[in-house]
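Letters A, B, C and D name the chains as they come in the text, with residue numbers starting at 1 for each one.
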Amino acid sequence: MRKATLRLNCRDVPGIVYHVSKFIFERGGNIIHAQQHREELDDRFFMRVHFDCAQMVDDKAKIRRDLADLATQFDMETRLSFSDERKRLAIMVSKYDHCLYDLFLRHRYGEIGADIALVVSNHPDLQGISEAFGAPFVYTPVTRENKAEAEAQTHALFQDYGVDFVVLARYMQILSPYLVERYRHRIINVHHGFLPAFKGAKPYHQAYQRGVKLIGATSHYVTEELDMGPIIGQEIIRVNHSHSVQDLTAMGRDIEKKVLAEAVRAHAEDRIMVYSHRTIVFE
Amino acid sequence: MRKATLRLNCRDVPGIVYHVSKFIFERGGNIIHAQQHREELDDRFFMRVHFDCAQMVDDKAKIRRDLADLATQFDMETRLSFSDERKRLAIMVSKYDHCLYDLFLRHRYGEIGADIALVVSNHPDLQGISEAFGAPFVYTPVTRENKAEAEAQTHALFQDYGVDFVVLARYMQILSPYLVERYRHRIINVHHGFLPAFKGAKPYHQAYQRGVKLIGATSHYVTEELDMGPIIGQEIIRVNHSHSVQDLTAMGRDIEKKVLAEAVRAHAEDRIMVYSHRTIVFE
Amino acid sequence: MRKATLRLNCRDVPGIVYHVSKFIFERGGNIIHAQQHREELDDRFFMRVHFDCAQMVDDKAKIRRDLADLATQFDMETRLSFSDERKRLAIMVSKYDHCLYDLFLRHRYGEIGADIALVVSNHPDLQGISEAFGAPFVYTPVTRENKAEAEAQTHALFQDYGVDFVVLARYMQILSPYLVERYRHRIINVHHGFLPAFKGAKPYHQAYQRGVKLIGATSHYVTEELDMGPIIGQEIIRVNHSHSVQDLTAMGRDIEKKVLAEAVRAHAEDRIMVYSHRTIVFE
Amino acid sequence: MRKATLRLNCRDVPGIVYHVSKFIFERGGNIIHAQQHREELDDRFFMRVHFDCAQMVDDKAKIRRDLADLATQFDMETRLSFSDERKRLAIMVSKYDHCLYDLFLRHRYGEIGADIALVVSNHPDLQGISEAFGAPFVYTPVTRENKAEAEAQTHALFQDYGVDFVVLARYMQILSPYLVERYRHRIINVHHGFLPAFKGAKPYHQAYQRGVKLIGATSHYVTEELDMGPIIGQEIIRVNHSHSVQDLTAMGRDIEKKVLAEAVRAHAEDRIMVYSHRTIVFE
């Protein structure tokens, strides 16, 4: 049984839910789940509809054309995806393996709703793990000098491998605008701090210095400004005076894994919409 | 601006969302929020629609009649409520005041979405608090001998005061089927244990004896079987070997208050549906 | 049965626990609980010993003199308190009543281990509540012009009422160094944000703008630098895109109350030590 | 630098802390951390002392003999371990690999404070994983007929491999009293339910049926009575009506891993004491 997910946003006028559900009903689809959100401040309406399309008579191209008409009528932005076109993700890593392992294991358990196309790294260390889980591993060293070239090469790789979105699983390089632009709201990073506190380098050291009683991890879409992209999810863990920076680092691994895996899953399931630098993450 | 909430459930056939949104759209309503749930096991569809009805031309009676026709067509159970008809709740208490205070304070902050009609107690102790917050207090002693009479009297009071639902805020008497029947799925109790563990009396003592590392509190609808009604919400708090039964009792107050207040609010906002002994609680 | 609590810190040399326990044992005391912490970075040892002193033969003055000798020997800083000298706290408030109510109610339940000496406010609004709970209420308006005078007056009040520490229960004025100095590490504030993010005014608005997925509250000792004092405790609550600033404000009340009450209790029970801008909070 | 951990319990008489710290001090040891607990009900005192023994002049045998004298004097039960004698654990598994992976990965990160001696399984499935992490894997099929023999064989294996404690990482067989007796309070199981609710088989199904709003996982020492041993730790995760039994099973994996890893670490670090069917778990 094939399913589809439609995301849309438009000015809030009466009848959106009606017209969208009519569109689906008349073509033989059946709504399983519909979610809405209304931004009070500027009167904008967001909707995600997950529907069964096994009985729909039209082909995908026809549905997309008709949807474009509806979108024009209501001045909507729309995104439509089908469950038989599983998303493919690239994982970028450096030397830390905990998030990589976690993504591989969750993928095997069917928990992330997308497939791992390849792993790209600026270090060779994690080649063995990647290959053990059957993922191609491409070692692409990055220096100040070759950065532009390395990213162009990575971009080409992503195209070859049909990559839909990119996951920075504790990747220790800052991406340049070149890649960020090409994967706008499709690059997910995990920051090992509770953003917006503790931006930049060594957030666990910063947290220790400040004497916080909770440490956090934050998943977000990468934008041109470091650690300032739209936040997808956050997790925390309780700490106290007895914990050293090393302890915080170890305890943080658990929440980094969790917050990243949940962001990957939400993105893969088309549950995230970005608006005005904030995310709407439907459950 | 007036709003309405429609809850319904029926067999899952294509087009429910469409027909319901059409019903609302054609009468001038505008859907703010729609939520659905599908029970896989027996193919049943649940929906809650919260909509703006300020521009609807029909009066409530007409809307209800038309809705009854729709319900017949799809063999639906429906419930429709309007925001200008705020629910009224009765609080039943004994001697503990923490949940009572919490409900009064949250009510004043506008957090529970319903009004407190009166307080009924089998002890006179909490009269002062109730009156300080402007709620009528009725002292109704309950003994083994007068129980039936006392409950009939309480029922009469509820009718006089226009009570829609009842909140047992650490009320230390077991209600008889007489009241339970008359307020089916409209009596909310807070149990100071993590149900289904630690049913019945002295759950903190039971938890201590068993050496659990988390204690819980559970809000549920009251049914004829003690502590076995459909669970609405649960909260826990971490405990350890150093905590005495007295500590557990003190720590538990915080989660009892929270879990009860959230259940009251969910009920007041028509976000709960009961099916097959489980609750669907829409966010 | 009388109890005492000794807090000390000194350079970490062998035998501290031994010498302290010997000191207590030889005078007829019995250790109930001892806790230690060692700061790796600069080799400093912290200890809190809670002991039964009902059988001690010396009077308090003698014990304090002998302790001073021990302190000299190991170059210790020490603090000794006795359970029969309950601490007295002043609460400073403005117009929000949720933290005030919470402290009064927890005091009545015996949860905070100290007594409420008086309530001071720059607004008259909360006089009724204070008096209902039997606490003197002093209305001290604060303007830019009279601030120094108002604080001097408040200080005099604190002295008259035997105030040991001060609790800013959502007090909306910034204290001047005059008071801060006189109650160094004895003024507890609750900030309605997850420090160090969202310092200063309107933290819920800041959190909303940034699109965080968790909001926090932080209790800390007040220092001369706004919202930068040593953190005592932090609590968070999960939020999402559907929550308005008003929702965050309402949800935040619960964690503000909790984090403040726990800080007050920890301070009252002599479980906090401040070192190098961080707190050691023993359980 | 070598460290040692002493655990003891005895009747609560004045001077225990003093005599123990004297014992350590006089032999050249230095206390890093001491923790105590007093059971009010029967006046029993528990203590764990972690101390630096690098400067101690006596050898281990002499220290143990002297400790036996002290134990006799106060009628203490004592346990003494040294950090240079790392504990060795056996993992028993069936087909689920999530806890096994988690233990291997945490071991590699140095998080569990013990070494993995071998993996024993009643199925051959997890041989590859075990060997990839360098642990011997022994496949020991268990049937109703060969159970006694299989356990005797496993016991012999444990002895050959110098196994100190056993971890049932979702092992789907019930151990017979033969093994339980021999490893009293040294076999850790993870139960995928919030004990004491949902004992026995299919706890996620039970939880789903009851409609709970939180599911749990529990680590405990195995005793002769199924799922009734002393609880070491518990974790929960919030669920709702939308989650199927399959969802609960997937969500539960995260808390099973966490609760088991923490129990293993606490046991490895000698932080657990069992008394009267409850555990004291020092932090």
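One rule holds in what follows: a contact is a pair of C-beta atoms (placed from the backbone, for glycine too) under 8 Å apart; a residue touches a chain by one contact, two chains touch by 3 or more.
None of these values were measured; they are calculated from a predicted model.
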Chains touching both chain B and chain D, listed by label: A, C
Chain whose average C-alpha position is farthest from chain C's own: A
Pair joined by the larger number of C-beta contacts - B-C, A-C: A-C
Geometric centre distance via CA averages, chain C-chain B, whole Å: 38
Inter-centroid spacing, chain C versus chain A (mean Cα positions, whole Å): 42
Where chain A touches two or more other chains at once, by residue number: 242, 283
Residue ranges of chain C in contact with chain B within the complex: 98, 101, 105, 109, 111, 132, 242, 250, 253-254, 258, 283
In the complex, chain C residues that touch chain A: 37, 40, 194-198, 210-214, 216, 230-234, 236, 240-242, 244, 277-281
Complex interface listing, chain C residues touching chain D: 14-18, 21-22, 24-25, 28-36, 38, 55, 283
